[in-house]
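Labels run A, B, C and D following the written order; every chain starts at residue 1.
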Amino acid sequence: MKSTFAEALRSGLDRQFCNVRRQTESLCEPLSPEDMMVQSCPEASPAKWHLAHTTWFFETFLLSEFVSGYKPFDPDYRWLFNSYYNAVSQQPVKQLRGSFSRPSLEDILAYRGFVDAAMLRLMKGDVPAEVERRITLGLNHEQQHQELLAYDIKNAFWTNPLHPAYRDGALPESGMARPVQWIGHEGGLVEIGHRGKGFCFDNELPRHKVFLKPFDLASRLVNCGEYLDFMRDGGYERAELWLSDGWDMVRAQQWRAPLYWFEEDGAWRVFTLRGSVALSELIATPVCHVSYYEADAFARWSGKRLPTEAEWEIAAEGVPVNGNLVESGTLHPIAANAEDGLQQMFGDVWEWTASAYLGYPGYAALPGALGEYNGKFMSNQMVLRGGSAVTPDQHVRATYRNFFAPASRWQFCGVRLANRQE
Amino acid sequence: MKSTFAEALRSGLDRQFCNVRRQTESLCEPLSPEDMMVQSCPEASPAKWHLAHTTWFFETFLLSEFVSGYKPFDPDYRWLFNSYYNAVSQQPVKQLRGSFSRPSLEDILAYRGFVDAAMLRLMKGDVPAEVERRITLGLNHEQQHQELLAYDIKNAFWTNPLHPAYRDGALPESGMARPVQWIGHEGGLVEIGHRGKGFCFDNELPRHKVFLKPFDLASRLVNCGEYLDFMRDGGYERAELWLSDGWDMVRAQQWRAPLYWFEEDGAWRVFTLRGSVALSELIATPVCHVSYYEADAFARWSGKRLPTEAEWEIAAEGVPVNGNLVESGTLHPIAANAEDGLQQMFGDVWEWTASAYLGYPGYAALPGALGEYNGKFMSNQMVLRGGSAVTPDQHVRATYRNFFAPASRWQFCGVRLANRQE
Amino acid sequence: MKSTFAEALRSGLDRQFCNVRRQTESLCEPLSPEDMMVQSCPEASPAKWHLAHTTWFFETFLLSEFVSGYKPFDPDYRWLFNSYYNAVSQQPVKQLRGSFSRPSLEDILAYRGFVDAAMLRLMKGDVPAEVERRITLGLNHEQQHQELLAYDIKNAFWTNPLHPAYRDGALPESGMARPVQWIGHEGGLVEIGHRGKGFCFDNELPRHKVFLKPFDLASRLVNCGEYLDFMRDGGYERAELWLSDGWDMVRAQQWRAPLYWFEEDGAWRVFTLRGSVALSELIATPVCHVSYYEADAFARWSGKRLPTEAEWEIAAEGVPVNGNLVESGTLHPIAANAEDGLQQMFGDVWEWTASAYLGYPGYAALPGALGEYNGKFMSNQMVLRGGSAVTPDQHVRATYRNFFAPASRWQFCGVRLANRQE
Amino acid sequence: MKSTFAEALRSGLDRQFCNVRRQTESLCEPLSPEDMMVQSCPEASPAKWHLAHTTWFFETFLLSEFVSGYKPFDPDYRWLFNSYYNAVSQQPVKQLRGSFSRPSLEDILAYRGFVDAAMLRLMKGDVPAEVERRITLGLNHEQQHQELLAYDIKNAFWTNPLHPAYRDGALPESGMARPVQWIGHEGGLVEIGHRGKGFCFDNELPRHKVFLKPFDLASRLVNCGEYLDFMRDGGYERAELWLSDGWDMVRAQQWRAPLYWFEEDGAWRVFTLRGSVALSELIATPVCHVSYYEADAFARWSGKRLPTEAEWEIAAEGVPVNGNLVESGTLHPIAANAEDGLQQMFGDVWEWTASAYLGYPGYAALPGALGEYNGKFMSNQMVLRGGSAVTPDQHVRATYRNFFAPASRWQFCGVRLANRQE
């Protein structure tokens, strides 16, 4: 019995492996080898590097450890494409990734093929539990890099003065914004964190009790029209609306709008993966590419606040994971369109929460080098929830904790407001 | 009846006011006007500036608002000695405070006298509740600056290549370190945050429920001997012990010991407010001037962890506020010496917690300019608890939340470990 | 008669144009489109950008001005590939050139073809003198970028951790170093600066009188063996050998050898355009990639000095322009091999002089935008003379003034000593 | 005979020594010990440090070397007050001089007295030639620091938001500007550099021949009115007027006027050592505190140029050293007032020349540590000539070469134009 079940599972893993791997490559279809060289900001990596590093993960943590006598595709790749795992090897300085013209894209695609073949062999027959766990981790890792690849290519094309589009075709019609409803929750002693047998990252564990006061969550995300009101009300000029560090950023970076907004002939336009679009056409769509500081200032200006991650998770519990995720093909947040009820919880934009990214009570990192995956980043970052228009739907869930530095805004991130808590 | 009580209270306020104001000046007794000019690191201000700014607080928030027809000592001081209250006025750039040779120390002392006299007049007769609240806030504000003054003068004398001592006289004998005991707590649904009628800062409110798992707290602070073991075990060379941001700091700043430790003729010495001392004489005293990153790395190396602020507060509840605070006159942490039981909760060093500095559920800043006191700093900082050897005993309490950036270590800060939480 | 002569001249110009343009492309033969994207240091540009910008020069300063009704290949290119000519248009920030994945290499090659064809049409028939002057300037401009392209691709491959080689094939055998001879010159009231009808840059004019004391010039360049002696004698640790700014660089950049020297298994190796080579094989070859500060410190350590540009030019007068220039195909400096006499004046490495790069007496920049070519860089740079192993032989001459900031060393630059001057 | 002469000389040296040393102290009379602590920009040092360092010079290079058994005032001072003489000792980082609250001003004055007394004993009896040379060097060194002290205290008071005045009393009436006359010189093979037996710095030697074309020198300095015309004509907005490095500074530093000019209520004011003054009252006075880049841009805008140092020196030969030097007590440049002829060659402002600061042909630094005095700064600086309103008249001469980085402008520096040179 067990073996049949395992077989089924395995064949599922096979299929899932192939799907995820192909998806990464299909994201690169609109890109030339030259496009895949660009590294345009300190957060970003070239697309080619993402192709290689995700492959490195499987070679390093699966093939090298579980296939006896495995001969690597190229021994140099072990350190060349290591991102930050000190326990594996030293790493090239991140900013040099833009110098990796060699290995060529062709070489990297051959590397992918080589590792894929070896992985498929490994997945034949009995797959030990640890191998399966690591493959699943590797696939989730690759999905994260799919999303980063979208962020990075957007920034690459933005810093190109010609502002090329990644994909052709118009965004869906935005429609009219509906008024926000406030969805009440009673709070109390609740539990958050992952449960059950499905995959999760170590930072979603352990499931634990949290006490919440009653709260309200906005039925939809803050949209561009609302954000424009904030700007027009002097949002970027009023110190009293900002955290002190945020205000320092506003002045140092001369922020006066979200990233990718620019003025042309006196009107705002927004650069998207489909080229630049008049802001007027996006008024009802969720504001995107705002930092935590901007999200927080907007909330203060609104007389509301950002939700905590526990509030968000309790509200999201039981909500099906669907919405404007990468499978929708929009590649940009779209307007909420339901008559009422909680909307846009998954997809569109990652939602900044008021919670710092720290370990849950009893948090333990994975053993060995894989323990560097999440734990060592638990300082100076804020938690975001819910996925974005470039997140795979198989990747995100209610307990998923994304995290970024409060000043970063090249990722697809936006704002949902919360209310009440006295 | 009420009037008698108010009278007594007021006269208490009088006395308290005078005590706190005199205490600031007595901290400056060992300093020359030249010493009081030094601003030796971005976190620090000159001592003279502290004398002026604490006075500015009373003139700005009390005299100018509650004394009709009040004529300020010098109208320029309103903006000159403003630290960061945007709602009051623009402020000189912080790093320029070292250029304030004028007004002279003599002028600032005259300013203090002028404001003190006006304040004592204000405190005569019926004192409205809001006035009393603000005076109390002003006194707590001044006590915070007393502590900062100690940090700053220590750094000033450290950057002077001659390493002068602030006070003469030896530190107390350190004695032997006793083994740590683990004090158990059962956790559960508990309450933290300030209650009752006494003064607290807005960030200690509202009192609220938190769910805690059972945990153990170390009976005493980590001492220099234990920290030296960490160093000798390669603590500053092993990436796996560090948060990623911490490891970046170690390499960028070339940290290899706590701040104020230096090697001379092959032996470690420690610079203190009483001059430099051989580390060997301080082995049993709490390690001091370590950043959050170092505290966290030490805890990881120990196989333990830092407590959360809620754990710390629950453990501290009911513990009397005494210990090695500024009144002890040591000006440096000293060794724990009790046979057993929880020790050093108050005084010695501020204890880094694993909690980010954020608003409690339902937190509301004070209205108006005073709302800038605490709330706008709620990002990128960690909470510390318990006070230090340079904290006034009337200033600290179990619910008191101090906060600093994780990389900062010029303040008197150290480590208490926690354990168990599965 | 005149027309026949002009015809011949023109056909010479045609041929020269084609030769120079083809040479740029042939330099790119070993490069993939990905290689041509890399921008690895602030001084450098991607190879593709060099291909485009040199073409832009002809389109902007020839076709757009002298071909009536000329329709540009792409109107955006006018500002996109402008380097620093403020009078033409605004320019993209230099560091963004690495983001120009679009236009593709294919587009840029089409741009080259389009402009080449239009240029050949322009060169048909009577070519006005100003057109001819500008074409010649454009060709010299392109040759400068050929050389920069070699510097930049060397740096690109160096920052690639795999250290790929630009060309295969070994460097010529280095042989033994011969002792330096001192070639005497009597000085006096001499003339320097360009004369005659041939092309020169504006900065080589006007020819003018300079008074020189008698001096000696070394018969050959300083070689790697001699430079290694300097290093072994503590050259990089002895402040007294250095200019103050140079010593600051040594400490800030932790310089301890020329650029592209690295230690492997305890032995020095040198990265070249043909991959890395043991220093032991290059002992007799000229030291290359040292900054002005290093050249100056080496000279001081030797008890000698660097020549002034006037001394160098007087010594070079009448010396035929041949030697190890780009046509030799070595792509690296090679050892001097003549029995005696002045050697290596042209080719191998640009020779740092003791002269600051300033305008000659009566210097006047070209009118209009082309006046920005040279004149605006006349501060904070030093003059270098003689060309390098990657300089075209038709490009350099005795009066040619190259210039770089004293700290820069990614260019092919080395040292010739001078002596006597009391 | 010789001894009598030596006696006279010595007593002259005595007197000179006392005069210079007293002059330094009298410059500090308007300053409090607190004022003498301020270090307000990277170029500046605290006044107290100048008092100490000039004394250190005599103790280090005279008393320690020529007085057998000399016991220093405090052995720590040898390294503490060393500025940049690597051959003497390591030095504290320059930016830490603002932390030297100890030794106190009182201590430093005692140090001065101690060293003065020992120096006077040394000057009794036969003074060896080398001792006399060094004393003279020490006095010239001290005069340079007197001038730096004036720059530094001006900057200190400028960065104090209260803008205190160093001295009371109005500046002299500015009067009307007279038109510039062009004073012709025929050029030819001339000699520059110091000659004769009087003191000079090593960088004024050797006297050597230079060939000059005929040139014209402006009869007076550029004044504020003329500079204002440049500003109003878009001087700070027109890239074509600037050297490339200068234009980068304009944008990075947001320069839009000389240092110490500021706008108040729509009108320009100028901060001086006598407090701030309306620009309208200074229209005919020489513009001051402009960088080399600004001087060069102004000259280009004028259709003129800056003189070379050789041109300046030839024009200054035989001109008596008098004018608005420190002895005039103005502490600020004043308007030229003669009917005609060459004016303002000495005093008012140091005049930027078009010459880079390099060694003259055959230049040799002094032997030993004193060789670090001038030679090691011969890169990245431009020569200025003529002295300023804060230069002692005994200090400057026609051959005197001052030098500063082209971007620096906290020193008293301005512009004289030259013309003709074809």
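Just so we're on the same page, contacts are C-beta pairs under 8 Å (C-beta built on N, C-alpha and C of every residue); 3 or more make two chains touch, one makes a residue touch a chain.
Only a predicted model underlies this, so the values are computations on that prediction, with no experimental measurement involved.
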- Please identify each chain that touches chain A as well as chain C. none
- Item | Most distant chain from chain B, judged by the mean position of its C-alpha atoms | C
- Task: Return the distance between the CA-based centres of chain A and chain D, expressed in whole Å.
- Result: 59
- Rounded to the nearest Å, the gap between Cα centres of chain B and chain D is 46
- Item | Approximate Å spacing (C-alpha centroids) for the pair chain C, chain D | 38
- Can you list the residues of chain B that touch 2 or more other chains? none
- Set of all touching chain pairs, with the criterion as stated earlier: A-B, A-C, B-D, C-D
- Item | Touch list for chain D against partner chain C, complex | 84, 86-87, 189, 206, 208-213, 239-240, 242-247, 292-293, 296, 308, 354-356, 358-359, 361-362, 371-372, 376-380, 382, 406, 421-422
- Item | chain C - residues contacting chain A, complex | 32-40, 48, 76, 79-80, 92, 96, 98-105, 156, 159-162, 164
